[in-house]
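Labels run A, B, C and D following the written order; every chain starts at residue 1.
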Amino acid sequence: MVRIGIVGAGRIGQLHANGLKNIPNVEIAKISDPFMENVKDVFASFTGTELVTAYEEVMVDESIDAILVCSPTSTHAEIIQAAARAKKHVFCEKPVSSSVEETENLLQITKEEGVLLQIGFNRRFDPNFLKMKKLVQEGAVGDVHILKITSRDPAPPPVEYLKNSGGLFFDMTIHDFDMARYMTGSEVIEVHAVGANLVSPEIRKIGDIDTAIITLKFANGAIGVIDNSRESKYGYDQRVEVFGSKGKLTVENERHTSVQVHTEEGSHAEPLKNFFLERYADAYTTELQGFLRSIETGEPLVCAGNDGLQAERIARAAKQSLDTNQPVVITHEG
Amino acid sequence: MVRIGIVGAGRIGQLHANGLKNIPNVEIAKISDPFMENVKDVFASFTGTELVTAYEEVMVDESIDAILVCSPTSTHAEIIQAAARAKKHVFCEKPVSSSVEETENLLQITKEEGVLLQIGFNRRFDPNFLKMKKLVQEGAVGDVHILKITSRDPAPPPVEYLKNSGGLFFDMTIHDFDMARYMTGSEVIEVHAVGANLVSPEIRKIGDIDTAIITLKFANGAIGVIDNSRESKYGYDQRVEVFGSKGKLTVENERHTSVQVHTEEGSHAEPLKNFFLERYADAYTTELQGFLRSIETGEPLVCAGNDGLQAERIARAAKQSLDTNQPVVITHEG
Amino acid sequence: MVRIGIVGAGRIGQLHANGLKNIPNVEIAKISDPFMENVKDVFASFTGTELVTAYEEVMVDESIDAILVCSPTSTHAEIIQAAARAKKHVFCEKPVSSSVEETENLLQITKEEGVLLQIGFNRRFDPNFLKMKKLVQEGAVGDVHILKITSRDPAPPPVEYLKNSGGLFFDMTIHDFDMARYMTGSEVIEVHAVGANLVSPEIRKIGDIDTAIITLKFANGAIGVIDNSRESKYGYDQRVEVFGSKGKLTVENERHTSVQVHTEEGSHAEPLKNFFLERYADAYTTELQGFLRSIETGEPLVCAGNDGLQAERIARAAKQSLDTNQPVVITHEG
Amino acid sequence: MVRIGIVGAGRIGQLHANGLKNIPNVEIAKISDPFMENVKDVFASFTGTELVTAYEEVMVDESIDAILVCSPTSTHAEIIQAAARAKKHVFCEKPVSSSVEETENLLQITKEEGVLLQIGFNRRFDPNFLKMKKLVQEGAVGDVHILKITSRDPAPPPVEYLKNSGGLFFDMTIHDFDMARYMTGSEVIEVHAVGANLVSPEIRKIGDIDTAIITLKFANGAIGVIDNSRESKYGYDQRVEVFGSKGKLTVENERHTSVQVHTEEGSHAEPLKNFFLERYADAYTTELQGFLRSIETGEPLVCAGNDGLQAERIARAAKQSLDTNQPVVITHEG
C-alpha cells in the first residue's frame, strides 16, 4: 500500500485524485490547497482523505510515501524541495520550474535525498505513442531520418494564464520537445524556431507567440520539425510521424465515435476530441501506475527528472533562436 | 442512494460490480453466487458488500432497491420472479429466458408488481450506436430503406456453453435483432434465415450453426440483413449501416491505437479490438447509469422488458425459418 | 491487326470506340446505327472508320474479325446470331438476351461457328476487383464463408428505359450475380429475394422494384448477400467484401480526390464518383484488351458466354423468389 | 489546330507526345533528339510527325506554333532563346535554367518576343491540388497560418544524374517551393534549411544532401515547412496540408486499389503509387491542355515563367541557408 499526498486541488489535482481510485493498493492520505474551501465538495466521496490548506501539512505526515505536485509552476521548486527533504518521492507536472538552473538544482536535491522525481509528460503513456515508441525501438522503420510532430491546441488559454506560463515553448511545445527526445531516443543538439502571431493580438501584446515551426537536429543525425498553433478549430490536433530508412510510422487523431454521414454533399465525420483531458484520459492513469510501480519495484522511471530538464533546455534554446533568428546549439556532455 | 444486489458473480457479474464503482450514489449491498468461495478474492476491495451463496438472501434484504441478474439464462425466470415479488427493480442480461412464453409471463409479473425490468442489450449504449440512433431519429439519412448489421465473434465459445445457449440466433444474433429494432425504430414483421456450418464441426454435432445471413422486413417498409460468424480472425467485427432516402450512416470497428506502419510491403494497422468486454467497455457502465436514472427519476428505460421479448420472438422466427427454409411472418397487434 | 465492327453508336458504343483508340494494333472498320445521322459528328476524328445505318453492312464486311454489340438488349439475339454465322467473334454488352432459353441458343450457335463470345461484365476488369479476385484465389482469406456485395446506383434510369429493362434483377443486379460467381469461383445453387418500392412510385407502377436484398447459397458451401438500391444520394456505391476462414478482403468506393476539409463542424470528404462510366473507366478499356488478347492468342476469355448465361439464370431465379416469396433452387449438371 | 514541336525525345518527351494524342485540335509536327536513332521505334504510331536530330530543324519550321522543351536542363537556355526568337510559344520542363540570372534573361527575351512561356510544374494540375487551391481561395480554412508539404521520392536517381541536377533544392524541392507559392498565393520572404546525408554516402560524396527540412516565411505572414527525402520505401509520398484560422485542408497519398486484407495480423493496404509519372499521370495531360488553351484564347497561364524564376530564387536561398546555417531573406519589389 502506497500512501499519497496531493499538493494542489485544481483541475489536474482532481484528475489525479480520481485516477488513483482505479489503481489498487494506493491511498490518498492528504490533499492540500490554499483555496480548499472552494473545491472541497469535489472530494466528498474521498472518505479517508484529509483535506488541508497548507502543503506543509502534507510534508510532515510521515505515513505519506509520495507527493503529486499539481500546484502552479511558480510553486514547484519550493514544494519539490520540501518533499525531497521529507524523503518523499515526487511526481511533478511539467515544467519542473521556470528556469533551467533551478530545475538542475532540484534534480540535485532529489538525487541527494535518494527520492524519485517523475515528470508529468503524460503523452509518453498514451497507448498510441507507447506503441509507436516500441515499434521504433524494434526497428520497424529502421534508422530514424525525420521526426514530425504536429501539436495544436483547440483554443488559447486565458491571457492571464499565458502571462505566467513562460511562453509557448515552455508551456506548450515542451510536451513536443519531450516527445521528440522520447520517440527518437536521441538528444536534441540544435534548434531553430520560427514564430508568428496569427491567432490573437492579445498574445502578441504580452510578448508571446501563438504559431510556431521549430526545426531540430538530433545527436544521432536525424532531423525533425514541430509545428504548433494555439487555435485549431477542428479540435485538439496531436500527430506524430517517424520516417526512417525502412518506412514510416504514423499516429492519427482520435474522435469519440466512428459514425460517418454520407449524403449528396459528401462524407462527414465528427470533429476531433477537443480537450487534452479527454484525448489523454488513459495516459493520466497509466503515468500514475508507472510512478507507483517504480516506487514499489525500483524499476526505472519512464519519465524522470532529467527528461524534464532536457525539455526545458530545448525550450530555452528555442526561445533564444526565436529572439535572435539564429539556430542555437545545445551542448551535451560526453 | 440506490442499493443494489447482484445475483451471479461470474465474468459479467464482476464487470457490473466494477462498473458500479465509477457511478456515484450507488452501493452494492450483496452479491450472491453458489460458487462464491471460488471468486470471493475478486471482491476484496468491495468493503461494505456482503458476499453470499444463495440468491434468496438478496431478495429478503429489504434495503435493496434493485437486482442485477448475471446468472446463467436457465435461472433467469426464477430469479426475476422472486425479485419482482420482492418489489425490486430488475436489470437482466439477455436473453430474458429460453422461451418466448416464459418471457411474456415474466413481463406480466414485473408489470403487476410495478417494478422496472431492463434488458442488458449493452450495444444500445455504445457511443457509436447512440449517436447513429440519434442521427437516424433526426432524419440525417431520411427514411430508412436498408439496414445492414455485421456481427462476427472473434472465436466460438466452448461447445459445452453452446449446448445450453439456445443456438446462434438466441445467443448471438439476439443482440443484432435488438439493434435492428432499435436503429430503425420499427418492428420486424418477416424473417428469412440462411445458415451454414463452416467454422467448426463440433458446432454442427450439437445441432447448431456457426455462420448465418438473416433477411428482415420491417413494419415501416424498410428491409434489412444481418450476417454472423462465430469466428473472425481479424477481431470482433461489429458494424452497422443505415441506408436511407438521403444517404447512409456508417459505424466502423475500433482498434486500440491508430498506429500504422508503412513499409515497402504496404501500410499496416493493428487488428480490431478482440473481445466484447473491451469493445463495449463504456457501454456496460452507461447501461447501468441509465437503469439507475430510470429508478431515480421515472424516466422511461432505454431497453425495457418488451425489447427483450421482441428480440426473442425474432430469434424464434429465424430458427423456424432456418428449419423450414421458408420466410416466417411475425405478427404484431395493433 | 484486328479489325472491329461496332453495332450501336449510343453512349456505350461511343465509349468503346474511344477506348479502342488507346489500344495498339486494332482498327475500327465500321460503326452501324439506325440513327447514325444524329451522332455522326461524335465520330469526326475516326478517320478510316465507315459509318453506316444497317448492322448487316458490318456483317458482310469480310475484313472484320470481331463485333462489339452495343445496341439495345432486344436486338442482341439477332445480331449475335448474324455475327456468329459470319464467323466473327462477338463482344456483347449484358444481358445477352431477355430470356435464358434464347441465351442458351446463342451460346450453342457461337459454339457451332467456333467464334468467341465475351460478355460485358466490366467490373471483372476493375483493378480493385481484379486484385481482390487474385487474393481470394491465392487463399489470402482461406475458404470463403460469406460474400457481401453492395451495389447502389446514384439515381434511377428513366421509367421508359426501365419498362424494357427486364426489371431490377436482369438490368442491375445481374452485374452483382456475375461478381458473386466470379469472386467465389463457385456456382449459385439457391436464391432468396426480398424487394421493396421505396425510391419511386413510378417504378412500382411498371411492376418493378427499386430496393432489394438477395441471399445466395453457393455450391462450395459459402453463403452471400447482395443489397441494391436505385437511388444512392452520396454517389455510386460499389463495395465487395469476402469473408473467410482466415480473415476478410474489402474493396471501398472511389472519390475523385483525397481532399478533406476539417473545421469546427468536423471532417468532410467529397461525394463518391457518381457515374458508372467514371467509376469503371479503366475497366472498359481493360475488358476490350482482354477480348483482343483472347482473339489473338487463344487465351481463355475472362468473361465468356456461359458467364452471361449463369448470371441470367440467377436473375430469373431471383425474380421467381420475389414473386413467390420462396427460396428458389438453381440446378447445375454434374 | 495548334502545331507542336517537341525538343527532346527521352522519357518526358515521350510522355508529352503520348499525352497530346488525347487532346483534340493539336498536331505534333516534329520531334527532335540528337539520339533519335535510339528511340525512333517508340514513335512508330505517330504518322504525320517528322523525327529529326537537330532542334534547329524544329525552329525553322514556320508551321509550328509552340515548342515543348524536354531536353536536359543545361540545354534549356539555348533552346528557349531560339524558340522565342522564332516567335514560338514555349512549354519548358523545370527548372528553366541552372542560374537565376539566366532565367531572368530568358523571361526578358520571351517577353520581348511576345511569346508565352509555361513552366512544367505539373503538380499544380493534379486534381487533388487543384481542388485544394480552389478551397483555399474560397476561404474554406480562412487565413492561412501554416503550410506543410511532405515530398519524398521512392528512391534516389543515379548519382550521374544528380551530379548535374543542381542539388536537392534545384532538382527536387523546387516542385515544393512552387507548391508553397501556389497554395498560399503569397511570396516566400525568408528561408531556413536543414540538411542531412542519411540515405546514400554516394550523394554526400558529390556534395549534395538527401534529406532536408526547409522552413519558410511568407509575405502574408504565414509560415511553412517542407520535408524531403530521396528514399521512401513505402512509395512516392506527396502530401500537402494547409492550416488556417478556420481549420485545415489535407491531401493524402494515392494507391492503385482500395483492397485491404484483414487477418489475425491486422489490416493491410498495398504500398503507395511508386512513380511520379503514375502519381501525376492526369496532371501531365491537364498541364498541356492549359498551355494550349492559353495559346488559343489568351487566357493567363496557370504556371508562367515568373513562377519558374521565383521557385529558383527560393532554391538558391535554401542552398545558401544550408551552406551558412543562417536564415536567408528573399527580397521582392514593392
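In the analysis below, a contact is a pair of C-beta atoms (placed from the backbone, for glycine too) under 8 Å apart; a residue touches a chain by one contact, two chains touch by 3 or more.
As the structure is a computational prediction, the values presented were derived from the model and not from experiment.
> Higher C-beta contact count, C-D or A-D?
A-D is joined by more C-beta pairs in contact.
> For the interface formed by A-B, which of the candidate pairs B-D, C-D or B-C is equivalent, sharing more than half of the contact pairs by residue number?
The chain pair with the recurring interface is C-D.
> Approximately how many whole Å separate the CA-defined centres of chain A and chain C?
Going by mean C-alpha positions, chain A sits 58 Å from chain C.
> From the C-alpha centre of chain C to that of chain D, how far is it in Å?
40
> Measuring centre to centre with CA averages, how many angstrom lie between chain A and chain D?
Measuring from centre to centre gives 42 Å for this pair.
> Could you check chain A for residues that touch two or more other chains and list them?
In chain A, the residues touching two or more other chains are 233-234, 246-248, 262-264, 270.
> Which stretch or stretches of chain C touch chain A in the complex?
233-234, 262-272
> If we count contacts the way the header does, which residues on chain A are in touch with chain B in the complex?
Residues 21-22, 24, 45, 127-128, 131-132, 135, 140-141, 246-254, 256-264, 270.
> Note which residues of chain A are touching chain D in the complex, please.
Going through chain A, the ones touching chain D are 143, 145-146, 148, 150, 152, 192, 194-196, 198-199, 211-213, 215, 217, 221-225, 227, 229, 231-234, 237, 243, 245-248, 325-327.
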